[in-house]
Amino acid sequence: MTIILFGILFLPIFSALSITFFSQKHPSISAGISIAISCITFLLTCVLCAMTQSQTLPIEIVYTWLSVGNLSVDLGFLVDRLSLIMLFVVTGVGSLIHIYSKGYMGKDPSLSRYFASLSIFMFSMIGIVLANNFLMIFIFWEMVGLSSYLLIGFWMTKGSAADAAKKAFLCNRIGDTGFLLGIILVWSCLGTLRFGEISNLLSTNPAAFSSLATITGLLLLCGVIGKSAQFPLHVWLPDAMEGPTPVSALIHAATMVAAGVYLLARGFDIFALSAAWPQGLDWLKFSTLDVIATIGAFTALMAALIAVQQNDIKRILAYSTLSQLGYMVMAIGLSYPIAAMYHLTTHAFFKALLFLGAGSVIVALHHEQNIWKMGGLQKRMPITFWTFLIATLALCGIPPLSGFFSKDYIVAEALHKNAYLGTIALVTAFLTTFYMGRLFFVSFIGRTRSKVSDHAKENSTIITMPLILLAIASVFAGFIGIDSYLMPHYSSQSLANTNMVFPYPSIDQAPDNWFKMLIYPFKHAPMAAILSICAVIAGGFLSFIFYFNAKNDILSSKFKTVSLWLKNRLYFDELYQNSAVWLQDKLALICDFIDRWIIGGIIIGIIYRIVDLIGRFCRFSQTGNIQTYTAIFVLGIIVLSYWVINW
Amino acid sequence: MIATIETYLTIGLGHYLTVSVILFCLGLLGIMTRRNILVVYMSLELMLNAANLALIAFSRFNQNLDGQIMVMMVVTVAAAEVAVGLALIVSLARHKLPIWIDNLNKLKY
Amino acid sequence: MLLTSILLLPLLGALIVLALPASLRVLHRTIAITVTGIAAILSLFLLLGYQGGIQGYQFIHEIPWVPSIGLNYRVGVDGINLGLVIMAAWVSFAAVLVSYEIRQKEKLYYFLLLLMCGGVIGTFASLDMIFFYAMHELALIPTFIMIGIWGRGEKKVYSAFQMAIYLSIGAMMVLAGIICLYAAGGAQTFDMEKLAGIYSQNPMPISLQKWILPLLLFGFGILVGLVPFHSWAPAAYTSAPSAAAMIHAGVLKKFGLYGIVRLILPIMPQTLQPWMEILVIMALINAIYCGLIAIRQKCFAQMISYSSLSHVGFIFLGIAVLNSIGLTGAIFLMIAHGFLAALLFALNGRIYQQIGNTSMDSISGLMQKMPFIGMILSATLMAGCGLPFFGNFVGEFMIFFGTWQSHYSWPTALAVFTGLIISAVYMLRAIRRILHGNLSSIASTAIDAENTWRKLPFILLMIALISIGTYPIILTNKIKDPVNNTLEPVISLTMPDTTNSDSSK
Amino acid sequence: MNFAAFQLETGLAALVILLLILDGSCKQSLHVAKGYAAGIVGLGILLILSFTYLKTPVVIPEALIQLDTMALGFKRMFLALGLGFFIINQNWIARRRDNFISYQSIFLLSLIGMMLSSSVNNLLMMFLTMEIVAVSFYVMVGYNKKTEQSLEAGVKYLIMAGLASAIMIMGIAFVYGISGTLDFNELAEFTPDENSRDAYWMGIILIVAGLGFKISAFPFQYWAPDVYQGTSAPTTGMLASASKAVGFILLARFACAAMPLGSPIITTFWAILAASSILYGNLCAIPQRDIKRLIAFSGIANAGYMMLAFSVGGTMAMSAMFYYLIVYVFSILGAFLAISLIETEVGSTDMDALSCLPQRAPFAGFLLAVSMASMAGIPPLAGFMGKFLLLKALFIRGMADTPILILAIVALIGIIISIYYYFLVIRCIYWPANQAYLLRTSGSKIFLTSALYLAGVISLIMMILPGIYPELLLDGTDWMASTLGELLQH
C-alpha cells in the first residue's frame, strides 16, 4: 500500500527529473518516459482501488515533514473514496492526454520540456489529491500553479503566451493569499491541519472556531476562487488557452481547475459550519456556504453569457469550463459535495474530450482557432466529429449521457433549496446548449468557411484513440454509480446538521441497475429533470435557428452593445488593469520615488554634504599664517585655564 | 614708617613673578604681532628668559637648587635653538625669500 | 578542530595566494577552488556529526587568546548557526567557482575573495563576540575593494563608499553594543554563551538595556539593510562583482540577523517586547516597501537587491514575533535566502558577463540562447517568490504561522500578501522580460554555460536550495531546540500565558 | 645615577660618533655604504641588546631617569622605529645624492633624545629630552633647504616649537615653584593648598599645552599640517610617529604624576581635548588631496583617540593607549616608506600619484594600503585592537559614569568619518579615478633595496601580528603601564 502510494506520487516527479537530467536532447525518449510513467500511475491507481475495496476507509499514512513548536506538517496520504475517485480521474484522463500530447506536440523542438512540465503537473496534482492536511494541499496547490505557469507559457517566445502564464500565476497567487491565511486560522483555532482530525474535532465541537468560522471558510474559499477561476478571479482561465491544447484539456478543464472543487469537498466540514462572525462584523449574517453558492451561480451564468459571443474555439470551451465549475461550486454551496464531485468527474471526461477534439481540429486546420474559419468538418474528420458531438451532448445534459445526471442533481438541489439559484442553474443550462450549439454548428456542420478547413484531414490514431476512449467514458460515466460510491464518504460524518438532501435516502436505496439509474432523476425530482431537458431543447433549437449554416453571427449584428460587452468579456480585464494593476503600479512608483530621491538623494545627500561642508569649513582655519596659529594656541591655553580654574 | 617702606621696597617673590609674567606676555605679543622673523625669534628668547626669571625666583623661594639647574639647562638649550634657528633664517634669506613672517603662507588649508 | 579547519582553510589559501607570484594565474584559481571546496565538504561533516537533543554547542574548539580581558578564540555550532556555517561554506565555494569572469589582477582578487570566504565562515562559527565582529569586518573590507577594482557600472565608486560608510556606522554601533554588553554585567567576558548565562542569572539593569538594545538592534539593522537604512544595498550589489555580491548578500548580510538572535534575544529579554513590536512594523515596511520598489526596477541587479531586502523583512518579522515557530522560520529562511541570493547574483553576473548590462528593458528571450541558465534562473526566481519545495517557502510559511501565533493578525495578512503576491509580481516580471518573448538583438551573442565547471556553482546552490526545501526537517529539528533555549527567558518574562498553553498542548 | 637607564643611548651616541668618523675617513661612495651598513647593524645590535641584555627594569628612587618597564618598552619601540626610519632616510638621501652623514647623525641624535624621554622621571629631564628631539627636528625639517616649502615648514616648526617650549618652561616654573620639586614621584604626592591651587593648575595647563604641541592636540595642532606637508617625507614620518610618541610618553608620565586622572574635572578636561581633536582632525581630513597633509589631520584625530585614555584614567586605559601608540607609529612607518618612495620617484605627494604604486612598487602599495586599513581600525589588523581596547576602557568607565558615553559616541563618529578618507587612500592606490595620471606616471619598477623590505616587514609585523595575536603586545603594554600604576596610586 505505502509503496503504491509512494509510487503514484513520486513516479511522475522521477519522470520529470530524469527527463531534465538525462533525456533533454532526445524528445522521443522523454515522451516515452513520461507517457509510460503516467500509464503506470494509472495502473497503480487501479491496483489501489482494488486493494481498498476490502479495507475500511479512510486509510491514512503519515510521515512528519516538519515539526516546530505546535506546528506540525505531515507528508501524509489520505486514501478515501473522495481521493480515490479524484485520483482515478487525474491519472486516467492524464494518461490519455499524455498519449494525445505525443501526437499533438510531436514535432515541437522542446518536447522534452513539455513532458517534463506535464510530469511535474501530474506529481503536483496527485499530491493535492492524496494530501492528508491543508498545508500539504497548499504546497501542491502552489506546485500545480507552477506547472500551469510552465505549460501555459510553453511557447514562451510568444508574448501573449508568456503574459497569459504570468497572469494565471498571479491570479492564483491572489487566491492563495487567502488560502494560506485560512490555513493559518484553521491551525490556530484547531491546532491541527489534518483533515481527519479536523472533521473529528468539528463533529464533537462544532463551535471550535468560535467567531472565526465564516472568515476562515471565506479565506479558504479564496484559494478555490483562484484555482477554479471563479468570479472575480476568473480572468486568467480564458487567457490560459494560449498554452498547448492538451494542456488546456488536462489542466484547465479536467483536473487542475477542478482542484478547487476538490478542496471544497475535502474541507467541507469547515465550509459547512453555520455563520459566525467576530464582534463588529456580526451584522453580516451569511454563512460561507451562501457565499460559495452565490459565487458559483454567478460565475456559471456570467461565463455562459460570455461564451455566447466568443469566436475562438478554445475560449468558448474555456468559458464553458468556467460555467461548469460554477455549477460545481454552487453545488458545494448548496451543501451537496457529492453532486459537485460527480459533476467534476463527468465534466472531466467530456470537457477533456471537447478540448482534445478542438485540438484535433486545430491541428488539422494548422492552428486556426477561429470557429468562423472552420465548418464542414463532419466528413473530413469523422472521428473527431462524432466524439465531439458526444461530448457536446454530454455537456449540454442530454440523457442518457453522463452530463445529464450530474448536472441534474445540481439543478434539482438548487430548485429545491433556493428558487433564484435554481433559475440561474436552468438559465445557464439553456445558455450552455446555446453556445455549444453555436460552436458545433458553426465549426463542424455546413460548408467550409476557409481554405484551411477545405484541406482538413482526420488525424492519426495517436490523437483519435484518446478521443474515442474519452467518448466512451463520457457516455457511460453516468451509469457506473459514482454518486453512490461517494456517498459513504459523507453520510457517516458531520453532515447531518447541514440538511443535505441526498439523492438516495441511504445507500441501500440506490438504484441497482443501469435502467433504474437512467430514470432515477425523473423519479427523484421530476420537475427539475423535465425543466432542465426543456432548457436544453430550447437552447439547442435556438442555436440551430441562428447558426445552422449561418454566414456570420446574427446576434452580434442585432444586439450590438450586448454583444460588444460579451465579446470583451464584460471588460473585467480592463477593470482590473485600471484598478488593481494601476494601484500597484502607482504604489510602486511612489515607493521608488521615495527611495531614489528622498532617502537615497535628499537625506543621504544632506548628511553627506553637511559633513563635507563642516570639513571644508574647519579646514579654512588653517590659514597658513604662523601668527594666527600662535594666537589660537594662546587663546586655547587661556580658555582652558579659565575653565579649569573656575571649575 | 621705615618698616612700611621696607615692606614696599623689599623685593619678594611676587615682584619677580610679576616681572617675569610681564616679560612673558611681551614675548607672546611680540610673536603674535611682529612681522620680521628675527624679531619674532627674539621675542621667543624673551619668553624663555622670562621663564628663567620665574624659575630662579621660585628656586630661591623653595630653598633648593633644582630651579637654578633648570635655568642652566634652559640657557644651554636656548643657545642651541638659536644656532639652528638663525641658520634656518639665514638660508631663508639666501633664497631671496622675504623674511616677513606673513609671507610664509604657501602651506595652508 | 573541524570548525577551525573549515574557517582557516580559506584564510590559509589567501596567504598562499598572496605568497605566489602574480603570473601564476591558473594556480591562484585552483588554490581558491581547492580550499573552499574542501571547506565546503568538511562543513557537511558538521551536519553529519551534529547530535540533536544535546544542550549547548558542539564541535567546540577553544584557544585562549587574550585571557586577561576575557577574549578567547572559541568556535562551535548549535542548531542556530550550524546551517549558517554550512551555507557560508557552500556559497563561498560557489562564489569562487563563478569567478572565472575575472580576468585581471587575479592574485589580488583571489586573495580578497578567500579572505571574504574565511571571514563569513568565521563570523558564524565564532562564539566570541569580538571574533564574531572582527570576522565580519574581515569579510566586509574586501567587498569594498572588490567593488572598486572589479565592480561594474559608472557609479561603483559612489556605491562602494556609500556601502563602506553605511556599514561602518552599523558596525561601530554593533561594536559599541558588544563592548557595552561586556562592560555592563561586570562579567568581563566576550563569550556569548557565558554572557547569556550570566545575564540570565542576574539581568542587566533596565537603565542600561534601554540604551544598549536599540544600539545593537539598529546597528545590526543597518548591516542588514533595515529600511530606511538600506540605500547602500542596491547600489553596492549592483556594482559588485558576482562573487562579492553573492557572499555579501547571501551570507554576510545574515550577520546582523544572526546577531540579533544571539546577542539581543537571550541577553536583554526585559526590554525586548516594545522594541520587537516596532521591529514587526519595520520588518513589514521592509518587506512591502522594498518589494514594491523591486517591481519598478529596470535593472535586474537592482531588482534582486531589493527583493533580497524584501526577504530580509520576513526574516526580521520571524525574529520579532518572538516565538519558536517564527524564529525557527527566520533562521531557516536565513539559510535558504543565503543560497537564493547567491544564486541570483551568480546568475546576474553570468548575464552581465555575456551581455554587458542587465537592463530588463533591453534583454529578452534569453531562454533561447541560454537554456541552462534560463532554467536555473526561472527556478531561482520561482524559489524567490516562495514556491514550495524550495527552501524559502518553508521559512516563509513558518514565519507566517509564527506571526499569527503571536497575535499579530494584520501583520500576518500583510506578510502573506507580500510573500505571495508582491514577490510573485516582480519575480514573474523578471522572467517575462528576460527569458520569455522574442530574442533581443543585444542578447543574441549570449552563450550558455559552456561546461560542467561553469554549471557547477549553479547546480550546487540549486541542489542545496531544493534539498532543504524538500527535506526541511534535517535543519528544523536541529534549529528548534536552541531556539527554544534562546526564547526561554523572553517567553517566561513576557508571555507567561503562552508557555502554559503551549505545554498543555 | 641610574646608569642602566642610558646604556642604550650611550651605544647610540657611540654609533653617531662612528658615523661621523667614517664621514671624514673615506671616499664619498665608500663611506655611504659603510656608514649605512654600520648604522643598520648598530641599530640592530642595540635592538637585540634591548631585548636580551636589558631585560629587567632598574629603578633607583629619585634618579632623574629611570629604566622602568615603560622606559624599557618604549626604548625598544624607538629602536625598531629608528631602524625603520634610518633605512627610509637613507633611501631618500641616496636618491637626492645628498650628504649622508649629516642628516643621519642628526636623526640618530634625535633618536637618543626620544629614547631618553621614555626614561624621564623629572620635569628637568622632560624639558631636556624634549628639546633634544625638537632641536634635531628643527634641522631635519628645514634640511631640504633648496625648496621654499621646506624652509617655510622649517620656520613654522621653529617658531611654533620654540613657543611651545617657552610656554612649557613657564609651566614648569610654576609647578616647580608651588610644589617645590621637579621629581614626578614627589609631584604625585603633592596636592596644592587652596591659595596656590590656581597657579599650580595654570602651570600644569601650560605644560600640557607644550606637550600638546608635540602630540598635535587641538587647539595646539595648527603647525602640524603645514609642517608635515612642507618637509620631506621621512621627516614627516618621524614627526608623525616618533615625535608624537615622545609627546605621549612624556604626557603619560606627567599626567599620571601631576594630574589626578579620573577625577571629574580632569576627565572633562581631557574629554574636551580629545573630542575636539577627534572631530577636528577627522573632519578636516575629508577634503585633503595631499597624502602627507591628510596624515597630519589623521594624526590629530589619532592623538584624540589616545587622549581618551587620559580621560578614562587607570592603568588599563594607559595600557590601551600604549598599545594604540605602538601600533600607530609602526603604521606610520609603513605608510611613509611608500610615501617617501612616491615623493622621490614621482615628485609629488598628491593622492593621485599613489596610483602608480601597484605597478611600480607593489610591496609599497600593499604596505600603504595595509597601514591605512590598520589606522582605520579594520580587523584583524592591529589598529582595530588598539581602537577596541581604548573603547573598551571608555565603555567600562562609561557604565558607571554615563557622560563618558558621549565621548564614546564622538569617538565612534570620528572612526566612521576616518574610514572614509582612509579608504579614499586605498582607492587612490588600487582603483585610480584618473587614468591619465596613471599613464603619465607609469614607468619602470621602482627598485626596493632589501633594507627597505626589512623596514616594510618590521612595519607589517607590527601591524598584523598584534592584531592576530593581541596578547603578544598587550602583555607588554600591561607590563609597561604597571610603572604608571605606581604613580597613579597616589
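First chain written, first letter: the chains are A, B, C and D, and each begins at residue 1.
The working rule: a contact is a pair of C-beta atoms (placed from the backbone, for glycine too) under 8 Å apart; a residue touches a chain by one contact, two chains touch by 3 or more.
This is a predicted model, so every value here is computed, not measured.
K.L.:
Could you name all chains that are in contact with chain B and with chain C at the same time?
P.N.:
Of all the chains present, those in contact with both chain B and chain C are A, D.
K.L.:
Looking at chain pairs A-B and C-D, which one is connected by more C-beta pairs in contact?
P.N.:
C-D
K.L.:
Calculate how many whole Å lie between the centre of chain A and the centre of chain B, each centre taken as the average of the chain's C-alpha atoms.
P.N.:
Measuring from centre to centre gives 99 Å for this pair.
K.L.:
Could you work out how far the Cα centre of chain C sits from that of chain D, in whole Å?
P.N.:
The answer is 41 Å.
K.L.:
Taking the mean of the CA coordinates per chain, how far is chain B from chain D in Å?
P.N.:
Centre separation, chain B to chain D: 28 Å.
K.L.:
For chain A and chain C, what's the span in angstrom between their mean Cα positions?
P.N.:
36
K.L.:
Any chance you could list the residues of chain B touching two or more other chains?
P.N.:
Residues 31, 40, 101, 104, 106-108.
K.L.:
By residue number and range, which residues of chain C touch two or more other chains?
P.N.:
none
K.L.:
I need the residues of chain D touching at least two other chains; which ones are they?
P.N.:
Touching at least two other chains: 155-156, 159, 163, 167, 225-226.
K.L.:
Which chains touch which?
P.N.:
So, checking each combination of chains, I get A-B, A-C, A-D, B-D, C-D as the touching pairs.
K.L.:
Hey, which residues of chain A end up touching chain B in the complex?
P.N.:
Its residues touching chain B are 619-620, 622-627, 630-631, 634.
K.L.:
Considering the complex alone, what residue numbers of chain A touch chain D?
P.N.:
Its residues touching chain D are 611-612, 614-616, 618-619, 621-622, 624, 626, 628-630, 632-633, 635-637, 640-641, 644-645, 647.
K.L.:
Enumerate the contact residues on chain B facing chain D in the complex.
P.N.:
13, 20, 24, 27, 31, 37, 40-41, 44, 47-48, 50-52, 54-55, 57-59, 61-62, 64, 66-67, 69-70, 73-74, 77, 80-81, 84-85, 88-89, 91-92, 95, 97, 101, 104, 106-108
K.L.:
What residues of chain A sit close enough to touch chain C in their complex?
P.N.:
Going by the criterion above, the answer is residues 20, 64-71, 135, 138-140, 142-143, 146, 153, 156-157, 159, 162-163, 166, 169-170, 173-174, 176-177, 180-181, 184-185, 187-188, 191, 584-585, 587-589, 591-592, 595, 599-600, 603-604.
K.L.:
List the residues on chain C that touch chain A in their complex, please.
P.N.:
Touching chain A: residues 162, 228, 231, 235, 289, 292-293, 295-297, 323-325, 328-329, 365, 367-368, 375, 382, 385-389, 393-394, 397-398, 400-401, 404-405, 412-413, 416-417, 420-421, 424-425, 428-429, 431-432, 435-439, 472-473, 476-477, 479-480, 502, 505 of chain C.
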